[in-house]
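I'd like to ask you about the structure that follows.
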Amino acid sequence: MNHLLDWQYIDDAVWSKLVERAVEHAQHPSWSQRAAGKSLGMVFFNPSLRTRTSMELAAAQLGAFASTLTPGQGTWGFKFGTGKMDGAEAEHIVEAIGVLSRYYDTLGVRLFASGTDLEADRQEVKMREIIQASIVPVINLESAYYHPCQALADAATIHEHFSGQQKKKRFVLAWAHHPKPLPMAVPNSALLQAVRQGMDVVVARPESHALDPVIMDLATQTAEKSGSSLQVTEDLDGAMEGAAVIYAKAWGGPMVYHEPKKEATNRLAYAEWQITAERMRKTDNGVFMHCLPVRRDVVVASEVLESAQALHLRQAHFRLFAQKAILEAIWGLF
Amino acid sequence: MNHLLDWQYIDDAVWSKLVERAVEHAQHPSWSQRAAGKSLGMVFFNPSLRTRTSMELAAAQLGAFASTLTPGQGTWGFKFGTGKMDGAEAEHIVEAIGVLSRYYDTLGVRLFASGTDLEADRQEVKMREIIQASIVPVINLESAYYHPCQALADAATIHEHFSGQQKKKRFVLAWAHHPKPLPMAVPNSALLQAVRQGMDVVVARPESHALDPVIMDLATQTAEKSGSSLQVTEDLDGAMEGAAVIYAKAWGGPMVYHEPKKEATNRLAYAEWQITAERMRKTDNGVFMHCLPVRRDVVVASEVLESAQALHLRQAHFRLFAQKAILEAIWGLF
Amino acid sequence: MNHLLDWQYIDDAVWSKLVERAVEHAQHPSWSQRAAGKSLGMVFFNPSLRTRTSMELAAAQLGAFASTLTPGQGTWGFKFGTGKMDGAEAEHIVEAIGVLSRYYDTLGVRLFASGTDLEADRQEVKMREIIQASIVPVINLESAYYHPCQALADAATIHEHFSGQQKKKRFVLAWAHHPKPLPMAVPNSALLQAVRQGMDVVVARPESHALDPVIMDLATQTAEKSGSSLQVTEDLDGAMEGAAVIYAKAWGGPMVYHEPKKEATNRLAYAEWQITAERMRKTDNGVFMHCLPVRRDVVVASEVLESAQALHLRQAHFRLFAQKAILEAIWGLF
């Protein structure tokens, strides 16, 4: 395990061990000095609540040192790509990452989708530029298309909840209405981890908010490999029936890149796509999951978040356990 | 000791032990690993110099881990209360605190008064919502009406200065002019700790800037219990006579909630309410205290801050010692 | 070693030991608990990438605790000098530093040049006010006129590169074009460390961008003492010939204080002052150095940064090693 851009580049065996290790951390929280003398530098180009705090704490619980940078808040802005630097950015990402990767044993970087250049986002052009400039492993803390730390936490949460018996259980990735066209990193990663775990996956979304075909193809291949199934539907209510997991998430989808006005109009038309208590009753005693932050009474009814079916806080807690496992793997500690 | 919203909810015996423990820390500064494996997460909705740095250092000196979040700077904004979340805030405080209280052993929260809803501020509606959402103890790092960390530091500073003989000494809470109508948390807490310690307390302020009657009533009851006295005056010069402690503080008072223009006019009219060297000479070799930050030559003359009577820097240093004691108490370490 | 405002106030013997110690750290990176129980508080009035991260890491690698404050971001703004405080700043620097120097064993402060008051910048009026208010050592993390942490890192980088045989080698401080009139702290410090090391120094700059005569005089005196030489030229190409080190840096110079428009016009006219690969070929296999951040294809050609002659990333790495040595010296650890 070198860089962690996304799990598709990591073997199933490593992935499975990491899921199990995360569950172990959940069941046996601990502080140690196992990673004493190791250091993690994190760069957040976008806001964070859980990722930053849980990663700092994961490092501390292993005895490692962590530090966080927020470009533009107490640091210089960074330039990517080529071209004469006579604009606002005072430093190139190649130098910034070149330096930071000499200071720290591992880097973590959050850098959301541009929302304007689909091909660049799909190709992870900026994150790849960062990885290229680094002489140490880089952990993706949510990039344009992937959120591997969230995906491992999701998988381990499900693994714990179903005592490892999640195979062939129905996992619904449910598109939700939202006032903004959010990026696709979380739904992409949630989908890919679910098929990888062998769950029977249903993506419920309006036609206008289909995920990128590139991701759907990757999910289909993964499903074939793991013996799971992948379906797509526009019928949210139908999708709920028999579901074991409802994973709600808003996203703008590829349409926002080329037809932003149409995307907004369509999104507004689907305000009814909210996870309500009534819908949860259609599931097979299913649990509600969400990566957070979540908008109450827009994406999901408050009632659902406060019900016994809500797993979102345990899921958020698993961010800590999953990231301890990731740091251990990168630092050769298990 | 569970949450620390304010000292009125904590027994006198615990309070007294904490004052003594803070003085011990002042006299025997130390670093240890006594709280190794403990963690503190702090959320600052408002600026801080002393509170953040002294709390981080207090945790470090005990071997614990501390982390600080500033909502809106590198995190999402948070929504309080009910209602559909289709506005600017991306996350509800219930989820945010729900998650953070799963990561950390203890939380600390700073959240100043609204300045617009007196009853909500008086009832600590937002801080109570945070406490309600937390599954671990929450330390109030200054809320709408209280600043218990400051109050303990103030009490311990006085205890050290008078070698425990502060009972029946004259403590003057002196309202001061200021360009802004500041919140009441510090004067409320300063007043309550002084009567609790059995000092003879005088609140000197213009009639227009009386403290909330709810707090004055609580102070009166506390004074009766501790055998101290509580007086109110509009005569600042008279109040200074025989004083052992001058505790200066600007505040807007309840009037700012319903008659903000009148409050501003009155405040401007009382620019003369400044602690000068001449006024300090009227005291019985009294000391000058202030929670800081303080506006020089507005609230207090520079000359006073630089005189031998100034105790404000020792008082600020006591923030560290007091908070070490608070963390020890919460973590069952003494 | 008490405060570290600039190396001119520190003996040659201490300086030489620090250079050697920095090289030792570079060659034997280590984590220890040698400075356990020590603490460093840093205040950044201006942005930082390397200084903050490398200083925090230096402290951590020695077992010490470090914390960072950014005035105006989660803290109050600070007032300097005299006068009634009825403006925007809520706290005076005398109180802020008075308090912080009671919390921490050592302070570090970054405070760039005003760019408007030459005599105040030259006299380091603000940094001296901070030092005056502190009861513990203050490390200059880049002030109006000096950047001693950078200077030690530069000297140690050169010492390592030339295996201690840098004496009488040609060091060119090369002015570079830039969209902004940058401060002089780095060129001042780079110049002073080079003459102190006994290198033959050439300052290549347009006449309009001469350094402050006060600094040139100090450099001349230092050169005499160390047996090195100091020349000034307007011929950048000529300066390159035979050079062992090209140290590129943009600066506005004293002219920006009294004739800002003329400075801007002149600066624009010298866009050709860029370190290109062609120019590097004129050197005696010279290395390229820069303090970073650097503007690619403005100050230096990308090609140079990616060549074998580029030493800038090693130089940035030396910030960590140099600052470990500085902290050790201040804390009496070597």
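Letters A, B and C mark the chains in the order given here, with residues in each chain numbered from 1 onward.
In this section, contacts are C-beta pairs under 8 Å (C-beta built on N, C-alpha and C of every residue); 3 or more make two chains touch, one makes a residue touch a chain.
The structure displayed is predicted, hence computed values, not measured ones.
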If I list every residue number at the interface of chain A and chain C, are over half of them used by both copies, so same, or under half, so different?
different
Fitting chain A to chain B on CA atoms, where both chains share a sequence, rotation angle to nearest 5 degrees:
120
Length of the line joining the C-alpha centres of chain A and chain C, rounded to whole Å
41
Can you list the chain B residues in contact with two or more other chains?
73
Of chain A, residues touching chain B in the complex
31, 44, 47-50, 52-54, 56-57, 60, 68, 70, 73, 179, 292-298, 302, 305, 312-313, 316-317, 320
Can you name the residues of chain C that touch chain B in the complex?
36-37, 39, 41, 65, 67, 69, 73-76, 79, 82-86, 90-92, 94-96, 98-100, 102-104
